[in-house]
């Protein structure tokens, strides 16, 4: 990691803290500013400073065409319900607390007795239905656009590629029902969706994949959480999902986002022993494509829907890597 | 507070904690189960057990009509960027931390060197662009549908009216540009949008308010945060907004949600001295209408847009009262 | 609760937030300032403004005498280890995260390669070994010194009685081994330590209770957590502990703190059906005595120690109600 | 970083999560188990598996002798009050929230109306008065006993060297008043306490440094926080403190802990340009000596106290690196 010989520390808190000595000590050593250039993939097609990646494909033309897919006005909520018991990638956890500031032993604020509940969240943002922003996945500390870790990822929040930069994702949603394609109730763990599988499923289901699409894969894997025989242990241990050739194919088409109804979108165990989340790398740092996990696609699949208007407005939290989401599909 | 003679404590944590003595002590005193019935407003038109309120108005017909408002494919992100410096209702605060589990002094997971950033959120959910779920605002500890505080709001999360129940809000969005209506750059604090104002603004701007709409008010108040002369102190001290007759009028029409580009949606100071957030009470507990705060409506106003497709998919966090959101407007 | 007709909201955050409208709205209604005076107990013997309660008994004379109890130099750590699995009063929970800011893919700060681990805590402070500050327990929203809830307990932290006011607790520690007194391996749940029991145990164990003491009770209840047959469910469901006459007796003697090796110090279920934590009320609001819970007293009991130097230095977190602690006993 | 070729990820959460695919994927690559052996310092004098370091010096003999230093019974609280405004090493921050579960609009639990306040802490443990456990400071990802980062520091908490292992620190406390030694009201930033300074100050103040001591340095630096002319910016920008030869001298003597009334204990800027916290490395990974920061030593200095009984009982939070503390000095 020669280009990151020293780390730069982002400093928050300003006047009071005075950076507690780091500035004084001359330790805020400059990062070179040169991004890793050895690999071709670090050259974003949208320019060296681009922070949006495939969200650049969200053109008015595509949005307008996607809106025309609404023929029935039926709304699908793709975000599963998330709580402290939702299986999460270790050691992620979350906790919610409801409280009522200043309202004990009284009737509330004002003559009209205004009372209210508030809530506090403590936990990780990569739990349950989530978007992986472009700052999430990297190759040996190198991220989208060739940014090295030291360039943009201090503990105080991403200074580049944070999810506050993303206005949202709106476009044509495509559902490939892999359970139907494989002719099974639920796709087995370890099943890799290859390029050939994706092509064949699309053809069988009469839908074409296009540049700028949000492509979702349905495996009915969530039946392991809320089906007749829940097995959250099995849910989290492995999963079916996008394979390496599948990810490369989706990147070649130029989709905007790839989602699935599993915790990690891609096949686990990996097709090649010793690999770890290789599809994430193909999609995110190498092609700027967003990843959506734990998308509950079952209602779409049950209705035989393969094209729809996809609308995601994730909270724009400054410096955030991931976010708990609830994309809306409308047909 | 005779109707809530004793509190029931929701117990979380299960097997390990054994409720730490409360069950054993016989202290889980039963709540009567009878909801407050003295006031007419506690009778929800959607039934005694309804938890969705005006979201029941989200019918396929209305959604389909709303989608037809998309004529240009232009996307507006209504959620302002939110961070630790965003003005918040005291003592709400938030903090974000980015971290990279297990990735120091090594090249990541697997032969393919998978590295990744994760993040932790600590703070209140009622900060920045937010939805007030129906469990937020009450009258003397009584909430939507006549639920008393003790019925549904333990510290471990709302057992009813939690935002996980809401699939999202999709419908016809209407923008009333109050700055344009009043002929000013920015509406002054303390300006109450009365029934007459709302009617006149709608007429002047050629838009009709209908049942099931999401009605947003633009005042350009956010210029106080990011305009030429930022004044976050003034931003948070008072605000223009919906007045009492305005709220009653919107409830009478039967809108689904009311939003504004201010921190509290309604006028502050109140029209009647000594009142506190009376419009919240009219909309939420009395009519089941959702409230959206800190909506950045300026781009819509600048484009002269008054009708659009509104899509909100808030994270479905179990038991949550409020949520940081980013609704999408498409025209 | 007539004396608390309206609540005062403490406002934190200052310049930026501008209190978001509350000040402007004139809603910071003044609390009367009059403290509840109906009951005798609200008159603290240490004056109306006292915030230390029985810690006023920590005189140099007593401390010096206590230090003379150190005859062997043996140190006992009374704080049990606490983590996410520690049984906690619902819905309390905690989480710890270790991270290494700015240290991925590099060798650390400076020429000397300084690397470091940091950690984040998210959770409740009333878990595991804990001190209940004088702001913890009350009678119908009235607390030590007659302070009503609205006087001092905003969500932003206690403005009076916070644990930052307490310098620590140093004095003569006394252990009463109730398991030995009852002649049992472990005292059963529901066993109330009455005045007579306490007197008899002290006499049998040859130790006198004095004003200013820190009195600890050993029941071996923690064997349910780490003994041969762990039963955390039973640990948390009920407990042996101080009864009403016992608490009154300890208050009459004028002890400084009362602790036990159980989650709640006092007997559960209560001696009188329908009572809830009555001993807490006798000790805290009515007499200003500190409560220490989940104290691991077994090593002291095993060694037959009944008198020792007790030293507690709790973190002085501004506005805190409780604190996870680790008092030190030295004999 | 050849010795740490791959990371092992500690997995928390157990049955439910199923480790979300990592185990299945065979990615829990084994760490070699061989500790870094190239440098001499990694050989702990207390054995290869030792996790206590210099706390091994806390013998009954030393404790007993220390207790004999109590001649007046005067108690000093060394932990400064800590809150959200306490200057902290970026990006560390903290927040406290007080709440009253289940107590709105009612009179509390049971016939005796038990009401109570609880509190939640969100933030970093390395703020204000703090102990650096032996897992805090390292040299290029190598820590006390030659443990590499991958051996013991997963995000879910330290698996070795966590502060739950430390029972506390009790011993002879020694105060060196460096402000008096230098003849100044407050020692200037950048002033390094060298071996010669430490020897001379001890001699001038009539106190001998011994093996097992807890040595505290007073500079009156905290006057910058609460003195007549507060300057928190200056407080946090630099600091006087222990220099390299000073740290080596203290290690040579074999002290148990080194503390100071500054945020970082050691001199900033460093004596050698480009160095970062070198004294931390000498004390912690190389000699197993504990570090105490932000100790308010002024009252001891004002009283001319140079020897005392030092008692620290830090909360024993599983896997914790640092902890907010309040050591007690008694003379």
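For clarity, chains are labelled A, B, C and D in written order, and residue numbers in each chain start from 1.
One rule holds for everything that comes next: contacts are C-beta pairs under 8 Å (C-beta built on N, C-alpha and C of every residue); 3 or more make two chains touch, one makes a residue touch a chain.
Just so it is clear, the structure is predicted and the values come from calculations on it, not from any experiment.
If you take subunit B and subunit D together, the chains in touch with both are A, C.
By the document's definition of touch, common neighbours of subunit C and subunit D comprise A, B. Among the remaining chains, B is positioned farthest from subunit D, on the basis of C-alpha centroids. Contact count check for A-B and A-D (C-beta pairs in contact): higher for A-B. The rotation that brings the Cα trace of subunit B onto that of subunit C spans 180°, given to the nearest 5. In terms of their C-alpha centroids, the spacing between subunit A and subunit D amounts to 38 Å. Note: centroid distance subunit A to subunit C, computed from Cα atoms, is 44 Å. Centre-to-centre separation between subunit A and subunit B, using Cα means, comes to 24 Å.
Counting only residues that touch two or more partner chains, subunit B has 1, 9, 12, 22, 25, 27, 91, 93, 97, 99-101, 103-105, 107-110, 115, 118, 120, 122-123, 140-141, 149, 153-156, 270, 274-276. The part of subunit B that touches subunit D in the complex is made up of residues 1, 4-9, 22, 25, 27, 91, 93, 95, 97, 99, 101-106, 108-110, 118, 122-123, 140-141, 148-150, 153-155. Against subunit D, the residues of subunit A that register as touching in their complex are 9-13, 15-27, 85, 87-91, 93, 97, 99-101, 103-105, 107, 115, 120, 122, 154-156, 189, 232-239, 263-264, 268-270, 273-274, 276.
Residue ranges on subunit A touching subunit B, taken from their complex, read 1, 12, 58-67, 70-75, 77-84, 91-92, 96-101, 103, 107-126, 129, 135-141, 143, 149, 153-158, 164, 167-168, 170, 270, 272, 274-278, 280-281, 309, 311-328, 330.
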